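Note that chain A is present in both complexes that follow, paired respectively with chain B and with chain C.
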Partner chain A sequence: MKYVLKKLVTMIITVVLVTFFVFLAFNLISGDPATSALGTEATPERLAAYRTQMGLDDPVVVQYLRWGGNFLTGDMGTSYSYRMSVSSMISEKIPVTLIMAVMSFLIMIVVAIPIGIYTAEHKDGVLDRIITVINQVVMAIPPFFSGILITLLFGQIFKLFTPGKYISYQDDFGGFLGYMFFPALAIALPKITMAVKLLRTSVLKEVKNDYVRTAYSKGNSSRQVLYGHVLKNAFLPVITFLGMCLTDMIAGSIIVEQVFSVPGLGRILLTSISNRDYPVVMAIIVIIACLVLLVNMLVDVLYGFIDPRITPDD
Partner chain B sequence: MDFVMSENVSKDLLLKVTDLNIEFLDRSKPSTVVYDFDLELRAGEIVGLVGESGSGKSMSALAIAGLLSRKDMNKRGEILYNGVDMLHCDRNTLRKIQGNEIGMIFQEPLTCLNPVQKIYKQVEEPLRIHQNLTKEERYKKVLEALKGVELADPETVMNQYPHELSGGMRQRVMIATAMINEPRILIADEPTTALDVTIQAQIIKLLKKLNKERGTAILFISHDLGLINNLCERVLVMKGGYIVESGKTEDVFNNPQKEYTQNLIKAIPKINI
Partner chain C sequence: MIKKLFKNKNLNLIIGTVIVAIMVLFMLVGIFAIPYESTDISASLKFAPMSLEHPFGCDNFGRDILSRVMEGTIATFKVALGTVIIGTFFGIIIGGVTGYFGGIIDEVLMRVIDAVFAFPSILLALLFISILGSGTYQVTIALGIAFVPSFSRIVRAEFLKAKNMDYVRMARLMGASNIRIMFVHILPNIYPVLISSIMIGFNNAVLAEASMSYLGIGVQPPEPSLGRMLSEAQTYIFKVPNYALFPGIAVILLILGFSLLGDALGEK
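Up next is the complex of A and B:
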């Protein structure tokens, strides 16, 4: 419990630091908000009045705290390009990106873990060799390209979904999930190959340990040794990797969203960056950063539960 | 009279190893690590197996415990336990003996315990594999076993993880695990090498006690002839894969036939104050 609390506090401090630096960076690059709001023809007096009114003369920390407070209550500022509140623009996109990330994560786990265990159990068997070759090939395909291939294969040839015809989750949740399966698969594919390889290597490394010999000396069968002793140990390095994958899936699905015309956070982030729509960009970056930190914390906590050597009593 | 005596002898014979040869095939040239190994282990006796590193003593011990399952090795000979040739029988037959009739403890008590499993589960495991007991009965047996190896606070220890215990405690846990099904044979592969001298003496004392109280036969492997002298009635000296000398420990000690054995005896440090 103390460990969880400690991780939570660490996470909150990191969130504050990250958001502060994001805020600072956008303050520096976005130029003078007063000039951009009132135009270059505005008199110095009007600019000064606007600055005082908007609190732009206050120290950065005060401005940050005000912005952070507003952010927490859901007020993320106003978009420059669309003149609407940022929160209303992105609140509908967050579930899209999150569901896609979670789906690809689940696909990865469901596919990678059994294959990883199987290939380790049947090392150098026929299927292991075949899977290893396929793994190497798939690993080399970037998600946007596997996205195109999936569109071609499942969309055009097998007609399992209509490419580009995104189904909104508000209209038809089942149809939405069906459509999202394919981009999720595209994101998951390269991760699956890495997870399989990592799990296989990890299991094969674990079975060389002395405790495995002890387990055999007790009369365990190979399966009992694998499932009762080896796997829990072999999962430790894999969990770190899975956590990294999940954060990557949340933060890095921009290109796949483009390929499949999914209106998620990545897509709006791209348009906002090209429109120099800083409030939107800033809000998305902060949200993604917080999600990533949250996942990292969860991984740490999970790790502490699985590996007794980690939980610090001091 | 003669007949009765010989029957008694064969009754007491627990384990008979004949012509054990172990050969590795994983290099370009096959290399033999154990040649023509013979051993007879009788109920209740402690036999020492001594030799330098690489003499083949651990390989022989692992073979006897049924733990040599690598495909890249050639095993010849016979390891007869209770009518079963443990060297060539299938895994399922072997498993019924392992942890039940034959227990084994190893050199490194830390790495030999599963780092992410509580002590209780690890000590209990042979019970779950070989016996049909209720949870309460198993708990009682684990507690007894931990008490039996003279652990000071068994209730606490069973809820701890291996990294929370000292080296000596870990080896005691290993012994408790190996002994929980009251095996007839305990194979101890350098169980004290990784421990301090004082802890070493305690573990030897414990092994002696278990041998005396429960009549468990012990095959004690060590490179330390001093320890063997202290513990074993009989001794086998190995070098380069061969048994070079064997006999009663006293005789081997007082009247070593081979130069190698003489050198081993000379290597025992003598403390002169």
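Up next is the complex of A and C:
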């Protein structure tokens, strides 16, 4: 319990640091928010009035605290270009990106773990060699290019989905999942190859330990040793990697959303960057960063439960 | 025979070197003997098929795809190289200082690094781009900064390990200054680890640059870049698959070559 609490505190400190960093970056470098909100033709008096109204003359820390407090209550500011509240612009998009990331994570686990175990079990077998070579090549394919190939293959040759015809999750959840499978697959592909490689190496390294020999000497079959003893330990480094993958997938969706024209967070983020719509950019970056930190903390906590050796002094 | 070849651990090294050599040759031809001006537009050559004059065919503006892939590869390579140089330079300084001296500098810098590390590199690069604006230099700087945290962590871990080793103690006894110990004694000893993480960093940079230019940030048109070519080619993927295929293959070969090389160098 103490361990969980400690991780929670570390996470909160990092969240504060990260958000302050983002806030500072946008505040100092992005120019005058008053001019951005009112336009360049606004009179100096109106600009000054706006500044006092929004508290732009206060010290940075005060401004940050106010912004952070508003952010927590769901008030993320107003978009410069759409004149809408940021939270209403992005609240519907968060599930899209999250579902996509979770789907690609599930695809990765379902595909990578059996392949990883198989290749380790049949080390140097013909299939292991073939998989290793394919793995190495697939690892080098950027997700957006595999996305394009998937569109070509499944969208236009096999006609399993209509590229560019996104189905909203509010209209037809089944159709939405059917469409999202393909972008999720594109995000998952390179991660699958890395997970297979890591799991294979990890199992092979674990097999060399003394306890494996002991387990064999007790009369266990090699299957029993593998599933009962080795895998438990071999999964430890993989779990850290899987956590990193989930965060990468949340970020990676920004790019793959463009390939499949999925209207998620990435789409608004990119339009907002080119429109210099800073409140939106800031909100999305902070949300994604917090999601990443949350996942990292959960992985750490999970790790502590799985491997009791970590808990006492760390 | 094939089995024997596969058992050879140097296979990664051989294939990696061959692929990298091919890509370097490809870029050298692009620098010194590019077949066509990569921005020349010609209406009559729109989607010209692959032929002897245009081995990779022509794109939607009748531009030679081979020349564009060459220049795009060079552009990507430059950005990746710049990124790695920035990342390694600051990574070595930050990692070296924090690992070697420890103490309060270490605590503070590592907290900051951790906070920066919380951002996935693409997101961090997008953050910097929304501040700096888009363009080749901005992307290089943004990606470079995005790679500093991971480099400095690796360097820090190596410096921590090295600082209590006998050769460092000896050097200290002989009166070598801290700077000298750090850069003349420790740095050369940790380079195998650095080389393989530099290779990984290079690959990530190639991937990130291609993704950035795919999103339309980075190299600005009409200058060719692999990512942008792919995003333009996507519209015509069914009609003119070669338009998307060749830039895609160039990215894959660049990443594959350096990752095989990195694997091989890291194994030693």
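Assume the second predicted complex is superposed on the first by the 297 of 314 C-alpha atoms of A that agree within 3 Å, B and C clash if a C-alpha of one lies under 4 Å from a C-alpha of the other, contacts with A are read in each partner's own complex, and residues count from 1 in each chain.
Rule of thumb we're sticking to: contacts are C-beta pairs under 8 Å (C-beta built on N, C-alpha and C of every residue); 3 or more make two chains touch, one makes a residue touch a chain.
Just so you know, these numbers come straight off a predicted model, no measurement behind them.
J.: Going by the touch definition up top, name the partner, chain B or chain C, that contacts more of chain A.
T.: If we count touched residues of chain A for both partners, the winner is C.
J.: Touch check for A:Asn233: first (chain B), second (chain C), both, or neither?
T.: first
J.: With both complexes superposed on chain A, which partner does A:Ala188 reach: first (chain B), second (chain C), both or neither?
T.: neither
J.: Between chain B (first) and chain C (second), which does A:Asn220 come into contact with in this model arrangement: first, second, both, or neither?
T.: first
J.: So, A:Val286: does it touch chain B (first), chain C (second), both, or neither?
T.: Neither partner.
J.: First (chain B), second (chain C), both or neither: which does A:Val22 touch?
T.: Touch partner of A:Val22: chain C, not chain B.
J.: For chain A, which residues lie in the overlap of the chain B contacts and the chain C contacts?
T.: In chain A, no position sits in both the chain B and chain C interfaces.
J.: For chain B, which residues are in contact with chain A within the complex?
T.: 65, 67, 69, 91-92, 95-100, 103-104, 106, 108, 111-118, 125-126, 129-130, 161, 163, 174, 177-178
J.: Under the definition above, what is the set of chain C residues touching chain A in their complex?
T.: Against chain A, chain C makes touches at 6, 111-112, 114-116, 118-123, 126-127, 129-131, 134, 203, 207, 210-211, 214-217, 227, 230-231, 233-234, 237-238, 241, 244, 248, 251-253, 255-256, 259-260.
J.: Per the contact definition, I'd like the list of chain A residues that touch chain B in the complex.
T.: By the definition above, chain A touches chain B via 209-211, 213-222, 224, 228-229, 232-233, 236, 306-309.
J.: Help me check something: in the complex, which residues belonging to chain A touch chain C?
T.: 13-14, 17-18, 21-22, 25-26, 29-30, 129, 136-137, 139-145, 148-149, 151-152, 156, 247-248, 250-252, 254-255, 258-259, 269-270, 272-274, 276, 278, 281, 285, 288-289, 292-293, 296
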